[in-house]
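Read from first to last, the chains carry the letters A, B and C; within each, the first residue is number 1.
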Amino acid sequence: MLTEISAIAPQDTGEDTAVQIDGVSKSFSGTVALEPIRLKVRRGEFLTLLGPSGCGKTTLLNLIAGFLEADEGELFIDHDLVTQVPPHQRKIGIVFQNYALFPHMSVAQNVAYGLRTRRVPKAETAERVREALALVKLEDFADRRPRQLSGGQQQRVALARALVIRPRVLLLDEPFSALDRNLRSAMQVELREIQSRLGLTTVFVTHDQSEALSMSDRIAVMSRGRIRQIGTPSQIYDRPENHFVSTFVGDANLFAATLLEKTDATASLDIGTTRLSLATFQEELPEPGPVTLFVRPEQCSLTDPDQPGAIAATVALSVYQGSYAELHLDCSVAENGRVMLRVPASEAMEPGTDVGIALPERGPAIYTTTERET
Amino acid sequence: MRKSVLDHLLDWSGRIVLISILGFVLLPFVVVAIASLNDGAILSFPPKSWSLRWYANAFEYRDFGAGLVNSLRIAAVGATIALIAGAGFAYVFNRYDFMFKGLLNTVLMSPLIIPNFTIGLGLLILSTAASLPRSIWLVIAVHVVIVLPFVVRSVYVSLKNFERRYEQAAESLGGTPLHVLLTITLPLLLPGLISGALFAAILSFNEFTASLYVVNQRTQTLPVAMYNYVREYADPTLAALSVIYVAPVAAMLLLVHKFFRLEKVLNVD
Amino acid sequence: MSKRPFLGWFASPSILIAFGIAASFLAIVQFSLRAHIPGALDPGGFTLDNFTTLWKTVYGKAFVTTVLLCWWTALFTLLIGYPLAYAMVRAKSARLRSAILLISLTPLFLGEIVRTYSWMIVLGNRGFLNATLMQLGVIDRPLDLMFTMTGVVIALVHFTLPIVVVMLAAALSHIDRNLERAATSLGAGRIRCFLTVTLPLSIPGIVTATSTAFAWTFSAFATPQMIGGGKVQTISTLVYQVGFASFNFPLAASLSLVGLLFTIAVLALFNTGIHRLERIGAH
């Protein structure tokens, strides 16, 4: 096992930045796809570019791969300036959404392709192809054609093909979206295992927030061609820096509120007729005035409607989810009229029941209402 | 589902209309097959006596043999040139923007609208003005101009459906543009290239009008030889030749259908 | 990094051919403006005489005949081709669909000569049709089909049918079947469903097919030449006659040129029609 890893692991140069993106931007016929981006990917790190379709994440990936040329800015891989280097000289591995396995070649020929282009001697090629297929547990499939394999197997071949060339960076373009749910989580675990075992710098593109949260060392949340926040999964989930990140990652309840007064640690605000004093994680709060209060469903709890500080709501719908139930509440002070809470399935309530929502004293975030965007 | 009387009426009239139309399409070929077996030199229906002698005549008539050889040579060379030029153009038209791209496309596609007799006349005048001999190369040039648009179309459709990711994957694995072209793009485009070339060869083999303007006795194609025969003789030799002609064409179509499915090739699936 | 690999290599053969096409077009334009010297193959000086000559009755008549042929051929090809394309696209069994497609296509690959010759045998005075009808006692004198417009139109319909069927079938096969199902679920019978959904949606295909039928008929030569036998004179037969019987290539060139301009004008008309239809469809 150890020899296999050393055969494929990238050379460690002791430096800690593997990919450096320095003000790289891209427009397509006048439409800005990517504002100037600054980003450093650390060596051995699994970094995820997360965002809705059209946010620029795939454009950024194609720029790193060299399939697109940046309008401005510089790109470094292993401290080599590669902005003008064509893709075939960049030494990167890439796995596409539909794997792009060459249909006219066998599995072994697919994996050997990157070695043939480098004129690796025949014996060594055979040995490295065997190792790479062993790594993804497909030794017995070397002579099959790609279309004879299942989706999961095809993905492993694509991974082996990308890894066998000992890439400086591994790029993954939504590689799991074509797999069904069960296979997907198994492949996620397997990929993450291989990646951390090889210590391979990886840039992963996805629009699936749960995938991003479960796999990444760090996540860069993108929208409209900009990086909106970059941090560890728990930083992104627990301390979203802005309205967009808070709603795109995880579920969020949003209340229309008026910020009355702020001190270093607390804020007092009105939500409808309810006055509250809260502590937030934010370093900087917006100016007093109309604001949006953001609370995760698991931070809210149900209480008696007459309880002081409770926000009045009515059960509209209860959705059974197995281990728990989602309660959708009509609430006049919520920004879209609705609030969602999770309760144990046994505590689900009939539609029409009046309830109160209790907000936590620590944890919620406050954003200026104008910041709202998708 | 129960059908009403009207439904049955529609179904049956539909069937009758369909069969009559198919009958109309096939009628001349059935008739020509019967006529080819007519023993007499003058056609009559139904034939009074039967014979295969016109088939022998068709095989022995020297102009047909020479015409066939010319036609095959012209179709093979013409389709090859059209394939190289057409595939190249389809590639750059699909991938790149360049100066005069639209104009080049218009000029190359114009033979789809320009009547064949005008193309024949134009190249005849041009070659005369340039004092070029009326060689087989002039006929080939005419055929290349006429079949090129069909090759371009066929290859262009394949390129449009081509998954660019294959090329990108190959590039990321270190393939230079030329290496990627030879090991990925060309092998995957092969069906489109073959069907384009095949289509071009069939069209070229059948081309008559434009050829009539540019051939001479030595370079005349099979269709021109057949036309000249009808003008001189009224016997059923040409009927026999027509039957001989139908067989390979039908066989080739069936073959193409088996490998590529015509519905797909013609986009009527 | 070369952003457009192979551009020069791949484009140059076609550029060469494009120059050839352009040059032969210019050759026609140039010849149409030159005087004809009887007995000589080389043309004389520049003149506009060829175009004034075209005003003569015989050329005008050929134009009218050609346009009439195009109109009747396009009309009948559509009437026959539409049911055929419809039956093919809607055929329940794949076998029947392939059979219809193969039968409709085979004539396309048989060339003008074989097809026209076959029709000569069918339509001739002692041909299949007349012999059969006379033996059945339907007629007692042969019908005049050879050397008439009727005969030429019959053969031309047969000639243009395959390409029209392919185009109509392509248009029909791209109509979403669920639209017809929706119409049926809303209570439309088969005829109403066809008239209110299928037919309107296939109109762009019909227009494209018609314009193609027009262009094919306009450029057809063997059929009017062999079945018309000099009695049905079209632009194509006249160009050949002027060129190879009187060796008046300047006049043949000007006739070709006027014919080409006419074709382009008609096709442009069809094109605007299609664009307008598509714009209606988009709303």
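Definition applied: contacts are C-beta pairs under 8 Å (C-beta built on N, C-alpha and C of every residue); 3 or more make two chains touch, one makes a residue touch a chain.
Keep in mind that what you see is a predicted model, and the values were worked out from it rather than measured.
Novice: Nearest chain to the global Cα centroid?
Specialist: Looking at where each chain's C-alpha mean falls, the closest to the middle is B.
Novice: Tell me, please, which chain's centre (mean of its C-alpha atoms) is farthest from the centre of chain A?
Specialist: Farthest chain from chain A, going by C-alpha centroids: C.
Novice: So how far apart, in whole Å, are chain B and chain C when each is placed at the average of its C-alpha atoms?
Specialist: Taking the mean C-alpha position of each chain, the two centres sit 16 Å apart.
Novice: Need the CA-centroid distance for the pair chain A / chain B, whole Å please.
Specialist: Whole-Å distance between the two chain centres: 54.
Novice: Can you compute the centre-to-centre distance for chain A and chain C, using the mean CA position of each chain? Integer Å is fine.
Specialist: Once rounded, the distance between the two centres reads 58 Å.
Novice: Counting only residues that touch at least two other chains, what does the list for chain C look like?
Specialist: Where chain C is concerned, no single residue meets two or more other chains.
Novice: Send over the residues of chain B in touch with two or more other chains.
Specialist: In chain B, residues 177 touch at least two other chains, as defined above.
Novice: Which residues of chain A are in contact with two or more other chains?
Specialist: Residue numbers touching two or more other chains: 86.
Novice: Note which residues of chain A are touching chain B in the complex, please.
Specialist: Its residues touching chain B are 65-67, 86-94, 96, 98, 100, 102-104, 113-114, 117-118, 161-162, 165, 171.
Novice: Using the touch definition up top, name the residues of chain C that touch chain B in the complex.
Specialist: 2, 4-7, 9-18, 20-25, 27-28, 31, 41, 80, 83-84, 87-89, 97-98, 100-107, 109-115, 117-122, 124, 126-128, 131-132, 158, 161, 166, 169-170, 172-173, 189-191, 215, 218-219, 221-222, 226, 236, 239-240, 243, 249, 252-253, 256, 259-260, 263-264, 267
Novice: Taking the touch rule as given, give the residues of chain B at its contact with chain C in the complex, in rising order.
Specialist: The contact residues of chain B facing chain C are 6-7, 10, 14, 17-18, 21-22, 24-29, 31-32, 34-35, 42-46, 81, 84-89, 91-92, 95-96, 98, 104, 107-108, 110-119, 121-123, 125-126, 128-129, 141, 144-145, 148, 177-178, 181, 202, 205-209, 212-213, 223, 226-227, 230, 238-239, 242, 245-246, 249-250, 252-254, 257, 262-263, 266-269.
Novice: Which bits of chain B are touching chain A when the two form their complex?
Specialist: Counting only chain B, the residues touching chain A are 163, 165-166, 168-177, 179-180, 183-184, 187-188.
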